[in-house]
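Take a look at the structures listed below.
You will see two complexes here that share chain A, one where it goes with chain B and one where it goes with chain C.
So, the complex of A and B:
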């Protein structure tokens, strides 16, 4: 009886812990990853996916980044200069992650709510047909408490493009340019969590040390918005008021300390999610493939699918 | 002796306390509302508490309320509802309603940038410390004006930075960041999974002391309350459950139904939080004087300062 009780308690604890854990996912087979986000830095932020991009690239994927807006509001240099600097720094960031190219669509930053969504969607359909990704990665359009209109609309246009790019009835003018329909197999979405319950993720992808290091460096590449030489002294003053100090900040100069703080931020987030997935480092996402909500159908296809005979 | 002490106290107050109070920025709240009564239903008791603490409350109403009536045309409905809303605001203690006069029930046709910029302009002008807005993530409300109003209102979080609306900056109206945001659910309590997660918190407010004033304010919305009572009566008849209370629709029966509706909402929310009457909000931000804690990625590296020899 006591043994049953003990086993019951232990299994209850384990089940309870299991409920708090994200299931670990694997990188799906494929060669091309297409990441579409509104802004220069969205690939690697607190709600970004820089580590996952680095993991796809290390797995052998070629990865491309679509920046949908012109980022004119991000920075203190006026609209046109912010646009130029942020685009240059997008390049710096994505190179660190190992990506191939940036395609900038140049919609007006933070004014994307009433834009014609079909037009943005058509651009994304065109790019899906051009690059023919196996995996599409972006923001989750069903996310709640997202104050930024660009995120909401790019995400919505992206999942619609993911859905429609495979149909030969959609934008047939593309086919005159040599494009063919293309249905990508996998979608991963991110949600922003600092303003509320953005999304409930359904998978975590484990990251290794190398991928986390790339993520740390990629965010710091966006100096126009993240480089903050005053951060060191502000932190030191607040710590001193608590009778504390951080030796690494004391030893660094202002510029290096700014980068250090960004690195620590990305590292902590990766460890935090990793802890919820039972690994050292991870990022959490909402994953969909055409059968993700019907695991029985997936099992049927896995058991019965045969390679088509070559023509 | 008493007179002397009293005079001294008054002199000290005049010399030190009053100038200090005068230097404080005025305490201001902007409440954004789709119709003239929505902010009352979702947040009236809380706003009344803040008004009693010395806040001035300005309401930005996005819709013209031309739809909610029985037996009136659109223009008459608008006139009646706007007059009702003014009386309700006065009853609660609101300083002013600014009506943007967009067509009620048709806000989805508006440019959301235009609506957002109108709100941003007024927020920059009033410079509130607190912003109340309808929560656009409250699902299953068939009145989509709540959604379109809430969505544009939460975007003002972005557009009130100095990088936006250069034309306003040029004429001297600078950006204004609102430190505290209260999302309200207009017609029902928050449900599990809505509000209060991660960086936000579900803020419950005890409105037992101001409920009566909230109810008195709501009673002023005679035109919409009457339309509501008429619709309830018709639906009950369709269901073969006519109510004797609504057999004759007069001021007393309409008021009784509106009061009961409001009471049910307040006690349902209150019961969740241990109050007799309550309101609840998805709250983002920091109250005045409260600093964000140092982030965990700094604190995990912090060590005690070495003692000086």
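So, the complex of A and C:
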């Protein structure tokens, strides 16, 4: 969604200071990553996961993006054109990250509170059974003070779809199409650190320069919402009101200024999280491993599980 | 995040004795037992009259069975498990498990208000709807409805029709919020003990064997859990020797390890070896401590 970029950059320097350090995680073994979010730009955005997606792809994963809404509200072109432009720019963004495909579910943007959530969940279960991901990446349904109904509800539907897709008692009609139950092993949820008590992340994934560059470019691909006429002048005026001046903006046109600010923002947030994890760049997530729901068995499994004999 | 000092309230002194009291245990699914079974056994052992309300029908929790067969077996096995804990009555609403988002909040709430007014419990137990990171959202929906019912059962303008049939408002004086210990912030104290249930631990060491027998009676659920665990380990190239052959003995052993692990987790940082943990709302919940002194 549209950002209040300038305020974010200025105030963001203060946000999150004093946070606990994040443990660094590794990319789990696997081949398929399924990312499900409500909107065209949620693969990246300010708190986003574009860098992590790029890292999974560079690690050898094939990655797919589910856009649950139709994004008709995002942009100044009226509902149908916004939908078409935002979908096209989703493609531009996910290609930069190295993803394979966009699956658009087209639920009405910002009207996802009253939808039958089990119907959305069924769509996600179907797609999990079709793509058989090792890793599911989405929004953390327990993020505090999430005001956007699309984010709340896609997150809730996804966290249930992620485990119910493995049950043969759930939507057995899917099996008529030759599908089989599939329990995705790993769930990563994204949230913001700077809303209310914020997201309590339990892992950070390190990013390299290339992944941060892709993240910067992926968000900038969403020109319909992030490129505004007058962006440079508006930003300079707001900076001046705070007694600040950024020389790089002087020579930039509006398009370039929008891009510059997006790049700075993505770079700053990646560095900020990286600093909390003791590396140059990172993104933080809430991670649930395949046995997360069985906390009582964790110690027993750790002590007794063996490597399976290879077939 | 500001790390506030962990406030630990020793369970026993604050909680009321259970003898002669009626308790209503509200469950979203079969998970109630591993969260609260020891405490329920302790209370029934002290003379409490316990009633279990199963909101969901557990129709998904099996391995290789149809939803209908699964629901029937899980109903019978939940009743057997409840008996082993000393629960006198089991009421099954029969709503389809993992589909509870489709059931209106007020429908579940009002059915629970009806039961609270009819049975007039002193103790109510229900899933903590404020707990985070439990992917089974039925627990959130049922917990929210039960918490609402606890609050609303005392007001005469709820359930106007049954009120004319003699169902008088009722205040439940003690509430236990239970949850699976997956929420990393589950023990953080809230701002105040007034109107906010506080973290407590209950020593279940003496009741553990009874809780275990009851949990092992949930054979259909347990077999599903064992098979899915085996499958997920295999997907990661691992195996548990215990589950090389998934028979009753192996499943029972897995249940024991799970309950021991949970009880040890819940006891960590307390004087107990095996415990259950709750958020508890007793007398301090509605009456600030300064007035109690």
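The rule we apply is simple: the second predicted complex is superposed on the first by the 260 of 311 C-alpha atoms of A that agree within 3 Å, B and C clash if a C-alpha of one lies under 4 Å from a C-alpha of the other, contacts with A are read in each partner's own complex, and residues count from 1 in each chain.
As a working rule, a contact is a pair of C-beta atoms (placed from the backbone, for glycine too) under 8 Å apart; a residue touches a chain by one contact, two chains touch by 3 or more.
Model, not experiment: these values are computed from the prediction.
Enquirer: Please name the chain, chain B or chain C, that touches the greater number of residues in chain A.
Expert: C
Enquirer: Would you check which partner chain A:156 touches, where first means chain B only, second means chain C only, and both and neither mean what they say?
Expert: It touches chain C, and chain B stays clear.
Enquirer: Which holds for A:261: it touches chain B only (first), chain C only (second), both, or neither?
Expert: first
Enquirer: Figure out whether A:176 sits in contact with chain B (first) or chain C (second), or with both, or with neither.
Expert: Neither partner.
Enquirer: With both complexes overlaid on chain A, does A:248 touch chain B (first), chain C (second), both or neither?
Expert: In the superposed model, A:248 contacts chain B only, not chain C.
Enquirer: Does chain B (first) or chain C (second) touch A:294, or do both, or does neither?
Expert: A:294 sits against chain C, while chain B stays out of touch.
Enquirer: Would you tell me the residues on chain A in contact with chain B in one complex that are also in contact with chain C in the other?
Expert: Looking at chain A, the two contact sets intersect at 197-198.
Enquirer: Quick check: in the complex, which residue numbers of chain B touch chain A?
Expert: Residues 111-113, 116, 137, 151, 154-155, 157-159, 161, 163-164, 193-200, 282, 284, 294-298, 300-305.
Enquirer: Please give the residue numbers of chain A that touch chain B in the complex, ascending.
Expert: My answer: residues 73, 110-111, 113-114, 144-145, 147-149, 193-198, 235, 238-240, 242-248, 261, 264-265, 267-268.
Enquirer: Inside the complex, what are the residues of chain A that reach chain C?
Expert: Checking each residue of chain A against chain C gives 19-20, 29, 116-118, 142, 156, 159-160, 162-164, 166-170, 183, 185, 187, 197-198, 200, 202, 286, 288, 290-301, 304-308, 310.
Enquirer: Flag every residue of chain C that touches chain A in the complex, lowest number first.
Expert: Going by the criterion above, the answer is residues 1, 3, 34, 59-62, 64-67, 70, 98-99, 101-102, 132-137, 180-182, 184-185, 225, 228-229, 231-242, 254, 257-265.
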